[in-house]
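Look at the two complexes coming up: subunit A is in both, with subunit B in one and subunit C in the other.
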Partner chain A sequence: MRGISWQGLAVSLGALGLLTSLQTSDDENPHARAPRGVSLVVTAGSWLRAPSADWFAKQAKSEPSRFTHDATAAGGVGGWVDSRGEYSLSEVEGEWAYWQWVSPERLTAGRRDFVQFCSSCHGLDGDGYGRSAQHLRPTPRSFQQNKFKFTKVIADLPSDEALMTLIKRGLAGTPMLPWDLSDVQLLDIIQYIKSLSPEESGWRDVYSQVGDPVEVGEDPWADIKERAIARGREVYHGAASCHLCHPGYVTNEQLRVLRKDPEGTVYREDLTYPALKDSEYEVLGRATKVMPPDFTWHQLRAGITTADLFQTIASGIKGTAMPQWKGAIPDEDLWALAHYVEDLIVSYKDQPAVRGAFMKGLRASGDN
Partner chain B sequence: MSMLKAILPSLAFLRSRWLGCPLALMLTSTWALAQDKRWGPGEAASDYGYRFHDLFWLITILVSVAFALVVLLLAIPVLRDRERPGHRASFDHGKSLHDKRLTAVISIVTFIILDAWVLVIAMQDLREAYWAIPDAEDPQTYRVEVLAQQWAWNFRAPGVDGEFGTADDIITINELVVPKDRPVSFNMTSKDVIHALFLPEMRMKRDVNPGSINKTWFRPITAGDFTILCAELCGFAHYQMSGKLRVLEQGLFNEWEAEASKLASTAFDADDTEAQWAWDWEE
Partner chain C sequence: MRTPSLAQTLILSSLVLTACGGGGESSAPPPGGGPGAGPGGPSTEAPANGGSGASSPAAGPKAWSDSAGTATLSGSASLAGDVPAPIQVAMDSDPKCVEMNSGGATDGSVLVDASGGLQNVFVYVSKGTDAWTFTVPEEPVILDQTGCNYTPRVVGMMTGQALRVQNSDPTVHNVHTYPKKNRASNVSQPAGSKPLEIEMKRSEVLVAVKCDMHSWMQARVGIVDNPFFAVTAADGSFTLPKLAAGEYTVSAVHEVFGKASKQTITIGDGEAQSISFEFSK
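The block that comes next holds the complex of A and B.
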């Protein structure tokens, strides 16, 4: 051990100790809570609402020995039973609910990836206000709010699969990118996101409905697109009154004829522009407004195929003025709307000259 | 033929897999690259783009010629003076004055041709293009504020009123529309880490740093859709941090700007002050 300066070594060790103590004392800095080792383990696992009954049916196919259907469960309605106990059935005020036990290890893994991939926008605590979320509109989702715009789900909350599809696909035109992560990673992140629900709300509220995206089914207009577009135009400006928030793609006079309104009816100002709407999405404790897209101008978030548009229109966009249209108008008309919107996108979006001429034609009539 | 016969034995080294394998790999990959129709940097779409284009090819050609020359000059003594029956190879340190002069002349000429030439052109380009940021007061100058973040580009143009921080500011994410033939001037900063705005077809690239405003510019001379990239590794999704640059003809652009401004004022929420991130244009 010749050649080593013992004093030097002692000083170095002392300095190292000092540095370490400085670092561990910095509890206020969120970055000091970096996901390392045991310090981050969520102390107790959380009980979360399980996916829909369809999910159980699907799981039972792959693991028939684990998931069994018990006709006497859920007060005789019948329910699924998990022999491993990760999922359970509980009765709350006479209603039956499935719950999922998420282990601390899983939440820790989820948190690790969440911090690495999601927290720059969604915040270290999932409050939707990370460093990169500053000034960003629309705002990143707060996972304490439990509202999601584009999951295409009618139920209150999306299933794991619906969230996974959304994350893998991303939201076009926003910094929410298509995330190229493994299914295992994504599912862990999703469990962690779900655990951020405040007590008694979101995934930790027994009354929340969890569901899969709207079934696409068959397009009734597949071979008669032209007629679908014409019908869609009627529904858009007529029964569904989309032009109240989105732009009307007709002149005032055409709109009057489409709606069979009396002569001289005047519609909203700037009919060919969208109208700014309130939303429930909060940032820094303040609800933000959202702009309904002009289909010939703005980029749609959740896909522009007929099926995507059908699902988005059918499920509505939660927390915004866009209602759920499934059930409000017949499926046939939903498909017609999807065809019409798709046609608007294909014909005018990203074609400034063509779009300019089209819109100018509409506005030339005068008051819109 | 006798010449070939004389050279062939000296090519025996190619049979050594240590040399033959890399050489074969090099030739195959060069051949594969040459099959690509986009061989080379492609057409420049900005007015100063030709400078980078020219410099790229100048360096490529100069270096290729120098490389060929060096290999040739090396090959001559290796082949001519090698050890063979009837000829004894000798070793020479090049200690004579003649050798030293020769070395000095070759070095100086190489420096002048390769380094000094390229350096002068590069300095000229820097002065006349890179740092020749257009006057922001000039109404011809189209100004854009860039706010980079993990992992997106936020752009803000002043809209028809020509002023930043007003209701009609055109705010876009990952999408930038600019007029053809007008200088486009950028003021750029970052929310989080260092990014770099890279418009490959415009031959424009500049780092975007948090905490400071970096400036750069270009003047598009071709209408069409081009690429926006991030050229500074900025985290996990750096590779996805791209966008679309659209250059429109003047008339069409004016129409586009009026419409975008109108839509922006429709979307403007005066109470949402947190969404207003414009800053005073920095000269």
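The block that comes next holds the complex of A and C.
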């Protein structure tokens, strides 16, 4: 029993011009069911990357009768054996790759919900060109690029939990709203999204790493917020120089002190504005540019609590200019930066008069 | 050698087979490093050293020894047409960079000498080395950031070798790699940071490295499965010393002008040959 895959079907329908006409019908219902004639059945299962050894061990703990650890396997490195065969592992060059078998039934369940709830924006085959996509800014993510911006993970790919948290929370200020679906539904959708990875990349790549969001730990400045903000401002304009992309929130005079530059140093003319940057995200085959946010003006997408900001700054934003800072500067300074950014948001965002006066002050300060 | 031993690979595959024993007929074989790995598995794109070779150990390749390399291939790369005028780079966004380039800075992507010799072309043997396995050097390849530029601009390394990126500048950089077949990364590196080690596990020519804070900063890394690669010097010349006698395909790539047409050579023991690559705008 080998049916044609839905991708194949979509491609051939698309080639005949059928899909486009089907897709453009029913515009008034943003969450319409699959256009007639588009298969919801996924016929082939998929081996996808599972997170890590720790994660594997956790599975084993919850079902000890099912998993055995064979310490002598693979030259003494040791590996897990799953008697039901849903998890597997392989060794490449001394490192373990963990795999999870996702059945066609599960992918079909995921595809059904994906088509119903997500495809209007993310596209029937997850390419980011759904029916409503062309009017949306920012554009919906393509799930064929294996790149995610706001999952707060340092590893190449987010774990199921990381994706689930993100989808439940949504992305503030964008058409990606919070989704109130059951965990079972979401996990099936997530497996389906992962199965859209092209061959040998993303969740099918033996070398890619799957991870959880950056651990938050304890805020070292919890009781001394004012000092954190001052330190954050110092790092932001000093060692980290966030103002090379984001706006600077100081005068030239102050920046010279923070950057330890000599008297008379001149900075970019538009210091109090963000600088447009390249990104790896493509729309219709062309890489897009993204604007680093001005924290006193733009809505941040991945949360604005101190902990959210700590995680975002630590992990960076994949596929964009915003780099990972974890490891590059001490955690203490990451927290200080989070406090400083939070303070900019709390003090100025959505308060046009206060913000206007602040920015005007910077811009008018003699040499700015 | 970092490839798993034959014994490891075999134990592994038996493990994998046991593991999916209960999976039912519909299961595709799991990806894995062992022989007979399914689609999507790693073995179809065996990294360094031609993979495990476990399926046909008798006919497997031999370990390379430098004593076999008695032939020398040299040559040059050139750019047809007029020598392009240097393009000025404005570094105003970071005064620390301006300070280090007090004489002004020019874009380093196209460097041509008066007689047309093209610098920074990555030249490598793309075919003909299957008979050998090569040891991946333990020492990393160094990419430095000095004066708000990468030095050298183009480097080559073997698959599995580490790329060590260091920051010798008094300012911050971010090291953003743009691979297609390897893991991408983008990590910041403030002044005084310790070096970053980046690993590329699959051969790929060329991977871009960029700094988003200083938009003019670019480097290229060529990653190949054998040690026969070179980057052309200021006059466009290169040398691949220590080739074994045999037939090879030699490729050349430039970051702006792309690939030159490949060349096939046959070289004998102790011979010296010369080839040239011509690029056009």
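Please note the rule applied: the second predicted complex is superposed on the first by the 301 of 368 C-alpha atoms of A that agree within 3 Å, B and C clash if a C-alpha of one lies under 4 Å from a C-alpha of the other, contacts with A are read in each partner's own complex, and residues count from 1 in each chain.
Going forward, a contact is a pair of C-beta atoms (placed from the backbone, for glycine too) under 8 Å apart; a residue touches a chain by one contact, two chains touch by 3 or more.
None of these values were measured; they are calculated from a predicted model.
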Fit-or-clash call for subunit B and subunit C when the two complexes are aligned on subunit A: fit
Partner chain in contact with A:Thr288 - subunit B first, subunit C second, else both or neither: first
Which of subunit B and subunit C A:Phe117 touches, first, second, both or neither: first
A:Ala275 touches, of subunit B and subunit C: first, second, both or neither? both
First (subunit B), second (subunit C), both or neither touched by A:Pro175: first
Subunit B versus subunit C as contact partner of A:Glu342, first or second or both or neither: neither
Which superposed partner A:Val266 touches (first subunit B, second subunit C, both, neither): second
Touched subunit A residues, subunit B compared with subunit C: C
Shortest CA-CA distance in Å separating subunit B from subunit C in the superposed model: 16
Set of subunit A residues, in rising order, touched by both subunit B and subunit C: 275
Complex contact set, residues of subunit C against subunit A: 2-5, 7-9, 11-12, 15-16, 18-24, 26-28, 30-34, 37-42, 44-45, 47, 92-96, 160, 171-172, 174-176, 178, 181-191, 193, 201-202, 212-215
Partner subunit A, residues of subunit B touching it in the complex: 147, 149-152, 154, 171, 173-175, 191-192, 235-237, 240, 248, 252, 255-256, 259, 262-263, 266-269, 271-272, 274-277
Sites on subunit A touched by subunit B in the complex: 116-117, 120-121, 131-132, 134-137, 173-175, 177-179, 270, 273-276, 283-284, 286, 288-289, 291, 294, 297, 299, 352-353, 356, 359
Subunit C partner contacts - residues on subunit A that touch it in the complex: 44-47, 70, 73-75, 77, 79, 81-94, 97, 99, 101, 103-104, 147, 156, 199-201, 204, 206-209, 239-241, 244-245, 259, 261, 265-269, 275, 277-278, 280, 316, 318-325, 327-329
